[in-house]
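Chain IDs A, B, C, D and E follow the sequence of writing; residue 1 opens each chain.
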Amino acid sequence: QTRAISITLPWVVNGSNYWPMVGKELGYFKKRGIDLTVSRGNGSVAAAQAVANKQFDLGVVFFGGTLVNMARGLPLQALATVGYDALMGNLVLEDSPIRAPKDFEGKRVGTVATSAESPYWTAYAAKTGIDLGKVTRQQLDARLIERALMDKQVDAITAIGSSSIPVLDSLGVKTRFIPWAKTGVQLYAAQVIARRETIEADAGLCQAMVDGILESVVYTLKKPEESLEILYKAQPEIGMAKGGKENAKISQGLAQATMVAPEAIEHGMGWSSIPTLAGMISLAARAGALTADAKPLVPEDLATNRFVGKIKLSSAEWEQIRKNVAPYNKMLGLA
Amino acid sequence: MSDGLTTRRIVLPLLFALATLALWEAVVRGFAIREVLLPAPSAIAQRLLETFPLLLQHAWPTVWESLAGFAIASLLGVALAALLSTSALMRDMLYPNVVLFQLIPKIALAPLFIVWLGIGFQSRLTFSVFISFFPVVIATLAGLDHVDKSLLRLCRALTATPWQVFTSVRLPHALPYVFSGMKIATTFAIIGVIVGEFITSQAGLGYLILFASAQADTALILAAILVLCVFGLAFYGLVAGLERWMQQKFGA
Amino acid sequence: MSSVSPSWLQPLATPAQRDQAYVSVQNVHKTYATRNGEVHAVQHADFDVAEGDFLSLVGPSGCGKSTLVSMVGGLENPSAGCILVGGEPVTAPRRDFGYVFQDATLLPWKSVLDNVLFPIRTQKRPVAEYRGEAERLLRATGLWDFRDKRPSELSGGMRQRVAICRGLINDPRLLMMDEPFSALDAITRDDMNLMLAQLWDQVHKTALFITHSIREAVYLSDRVLVMNARPSRIVADIRVPFARPRRPEMQEDPVFNSICSFVRETIHAGHESRSAHAG
Amino acid sequence: MSDGLTTRRIVLPLLFALATLALWEAVVRGFAIREVLLPAPSAIAQRLLETFPLLLQHAWPTVWESLAGFAIASLLGVALAALLSTSALMRDMLYPNVVLFQLIPKIALAPLFIVWLGIGFQSRLTFSVFISFFPVVIATLAGLDHVDKSLLRLCRALTATPWQVFTSVRLPHALPYVFSGMKIATTFAIIGVIVGEFITSQAGLGYLILFASAQADTALILAAILVLCVFGLAFYGLVAGLERWMQQKFGA
Amino acid sequence: MSSVSPSWLQPLATPAQRDQAYVSVQNVHKTYATRNGEVHAVQHADFDVAEGDFLSLVGPSGCGKSTLVSMVGGLENPSAGCILVGGEPVTAPRRDFGYVFQDATLLPWKSVLDNVLFPIRTQKRPVAEYRGEAERLLRATGLWDFRDKRPSELSGGMRQRVAICRGLINDPRLLMMDEPFSALDAITRDDMNLMLAQLWDQVHKTALFITHSIREAVYLSDRVLVMNARPSRIVADIRVPFARPRRPEMQEDPVFNSICSFVRETIHAGHESRSAHAG
């Protein structure tokens, strides 16, 4: 007796978000009585809305997207946090003269309006004293922001590191990432979300889904190569596109670098820190990411730890993972 | 048209539109649908009023780029059609390629326009011209071609030059066709600019829609689309008015 | 058909006199290639027209009248043979030709006056010089009050009259008229006949005139050519023995009526043999 | 058409197309333009061959959804036009709203479709129908309206019912118009599906183009667009062939 | 106009006999509202037609002939007065009416045969029963060999003949023909006149016939009504004193010619006074 359940990813399947597909291939959901359908998304904001509008049972959505929609009153909640840093930051070419925040002044910075980091650029600027009046902001489509940087149509871009770094790296373009996390401008990344009514009415399903997804994440952390092979089989176009496999590998590595977080190590996979969320809410409010008429948000509403904390990795396992992701931390300028 | 008819032709469609809006409002309220998923007409109207100065400010670049794209597309379209209709060689050589070109799903090429032409307004303008140009060519050519054979024979009998035939017979005859192509081109020119703005811009209603989607501000998205519709209607009305004027001045 | 040839019936085609002729049609053929093979529209057309003659062509539908006149006017080229006008071969329309087509073919977006002046503008003649002539023609055809109207605001007969004025405006030496009056009602047609006859009393241009009305042909013409159905050729050549100016009373004359009867019978003879299913 | 003409009408446009491609190739090589910016035709051809099975596999959903969208749009379009042309009330009430609806830059609404209709093929199909439906309505209505008045008088004289007038006079007369609308609808139906795939799909040529853009694989983007053009041409040819067949069977 | 009334000229409108009439037009007026005010298309039309009569209407262009016949056929409604056919008021077309319009108005996408059978299909009569009649009509008009052709493959005259067959196919009691022959050439027209005359010798339906040809009207009709230009009214009512079957030789008869002359003069008198600019 299996149940058909659907889940949406935040964006097109890629190395940073594909773990539900691995679990599906490995039978982690079937053994829990779930016949899972994994769909792609078109950005976290739309994905969260689609879940709220019952187009999907659950979603893998970046925290920023959920936050914006909850501020508009959509009754959603995160069941588990998978990525602990959205890797918001600036990306510049390796030989760019931009090294310190002040260097942005007089330059042109590209940004994707619908991308999660876009609203937080002002927060980063405020923290580091960049005079945004002296920076030209250039809105660009997600499909070509990296190329705009490569072709020097812009001097820098704002980016989600795990999306943009791999694109340029697989084209052989050397870049430098300037992470905002260092100044405290940091958001959680991928979370598993559901509607409040689903959580209240069907805790068993939520538990099964969280367990299946976290088991999948652990598998990809432990066996990154094997996991990628599963991905290439499921999405053959990744192998066919120029640099597709390198791209997937790097984005997986970058995403996994953000999974090595104290919350997961201390409390178990999927754990969300409520005080950290509170800080993120006030960051979002300061950044203007929440509109003036937004509902006051309570951190406990944003995430629940009801379903997490059961899967814990040993310190040996964490050590192995740290070794795996070390090169990616370097790419992120976080090493 | 009698007065009764006029009234009926204005009142009936308005009634239908109002009824649709009322139904929409009732559904949203009845099922308590959240504004971020589907705002009620009243919510859109309220958002429209609140953000009106912002909308106007963003409407301006969209409007002028659409008008410019449309004007260039119309001129180029009529000129290409004239070339194709006056030279048999050009026609045989180019027409099948024009038709083939028209079949390209140009929307898929939009991002490449920015790669090729840069992030300035010229890439949006070019894209707008690129997609609104073909309806004008095709329609104008149909008009230039479907000229009464007997009028062409008359011209031949009067030893008229090809240029005289074009200006005094083909073009006047093609005017209604040109306008039907131009009416389609108004919508296409706007779509071209909007898509261009989606891809890169710092202002414009397309940018605003994108920005509102990032903020999950569905009411603002729909308010911006409403402004676009009003502009589209005015634009269409302008072209229809020009047609009527030309019709009265030069028409049959 | 009478056994003794009446005086008004001329022998067919006498190429000896060619040098005096203004229009000379020399053994002309016209063949159209169609999907179902060739159509011989005109065969062995061989006749001359003296300057100043009003010549009518009559004959059954499809016998090649329009084709023949189009070739003389330079709108079509013969498949064989040659056509001279004023001693020079015709290869294209000339500025001193005038045409009135069966359908009025007016420019719908121009006023009556502008339609009449259209040949002048097209041929880059000085428009001012021709305004007086345009007024004279429009008055003669009863259209002066309508000079600013568009063709769509006229009746069919009025449109046809505009086309006649246009055909005459540039004072052509050779005027070709292809059934100019068939769209008119009987009375207006009589009026137009009278007008054309009066005009010819004054101007003495050369005219080629096509009509389905035998009485009209005989009334207006100096000479009538009767054509046969396909294989089409000229079967009778009649010189109408009435002086100008022509008066409507001429139609009561027994000679007039016997010419008409003769033409009718000649056409009929060809018509009968033409096809089994013509009714 | 004589054989010389046929040859000329096939050879000339091909020559022109080949010359364009040769120029493109020469420019790319001469200026050493990088493939990611503008691939040469040879590079596109090579990419096409390499990825051919992938392209075919992704072409399939795009093709069938376009065909389905087109079929639904054509049926709905003709039916609505029939309704508008038979009832004066419906026409007065609905026609201005149809025109207004056509002016909406529908592309701006595409992102909301995923929220409203989800990610399934029905969302793409709906969008495809949504944008390809109007050209059919407008063209069909023009055809149904422009029936020779004298034929309508004949029907009245013969005491024909409205339905008889529709089937034996209006519809046959409107056929060429219906087909002209349907020819436009082929391109629109494909564009609708492609845009839908940009937003909601993990298969189809639109998805592949999006994916290739994310990977900056310009040659693959253009190879996919080439496949789309070939499909578009075949689709257009199919409709034109159907028109010719109908023309021969029922036409004037 | 002769001062002593000839015997074939009847007194106008004698409403006393109304009860025998098959068609009864009773003081009918028709006014069109246009942008430039009202147009009085028909005024004081008041006449009866006996069953089996072939009645022609002649008169200058625009005098209201078509409007009048349309009203009898139920295609237009009178502004005042009333029209009875077979004793019942006409408010709409009836299944036992037949129509032949001036333009052939064939369905371009149907074959000749299907066009002829169109009234049968439309009126849901049994098609099989009418195939024989269709063949007979098409043979009589010389069109049987063309039965599978489309209208575009026919000449103008052939198209008009198809329309005539279609008008007759459902064996109407009352047939209305509005200038059915004006698109035909003189010879075909003569043939069609003969055919129609012969047909009338056999069938004896009631017919309303509009023509611009006076000779045609007199040749075909039992009765001719002459109408005046606007303000339009009936100005002469002529009973043609020739027996049926009609023979073409009848046109040589002095009475025939004097009737024609009388009609021509009557129309002309009205025409002259009509307008200053008619040419």
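Definition applied: a residue touches a chain if its C-beta (ideal position, glycine included) is under 8 Å from a C-beta of that chain, and two chains touch if they have at least 3 such contacts.
Note that the structure is a prediction, hence the values are computed from the model and not measured.
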Lowest number of touching-chain links that must be crossed from subunit C to subunit D: 2
Both-way neighbours, i.e. chains that touch subunit E and touch subunit B: C, D
Two chains joined by the most C-beta pairs in contact, as defined above: B-D
Taking each chain's C-alpha mean as its centre, the one farthest from subunit E: A
For subunit D paired with subunit E, centre-to-centre distance based on mean C-alpha positions, whole Å: 51
Between subunit A and subunit B, centroid-to-centroid distance (C-alpha), Å: 40
Rounded Å distance, subunit A centre to subunit D centre (Cα mean): 38
Distance from subunit E to subunit A - Cα centre to Cα centre, in angstrom: 87
Shared-contact residues (touching 2 or more other chains) in subunit E: none
Numbers and ranges of subunit A residues touching at least 2 other chains: 46, 49, 53, 143-144, 147, 151
Subunit B residues counted as touching two or more neighbouring chains: 37, 111, 115, 213
Full enumeration of touching chain pairs: A-B, A-D, B-C, B-D, C-E, D-E
Subunit C residues within the subunit B interface of the complex: 73, 75, 92-95, 97, 99, 101, 103, 105, 107-109, 118-119, 121-123, 150-152
Subunit B residues within the subunit A interface of the complex: 34-37, 111, 114-115, 118-119, 198-202, 207, 210-211, 213-217
Sites on subunit A touched by subunit B in the complex: 43, 45-46, 48-49, 52-53, 68-69, 71-74, 113-115, 118-119, 137-141, 143-144, 147-148, 151, 153-154, 289, 291
Residue ranges of subunit E touching subunit C (in the complex, touch as defined): 60-62, 140-146, 155, 157, 161, 185-188, 191-192, 195, 212-214, 267-268, 271, 275-279
Touch list for subunit A against partner subunit D, complex: 8, 12-14, 39-40, 42, 46, 49-50, 53, 55-56, 142-144, 146-147, 150-151, 167, 170-171, 235-237, 240-244, 247
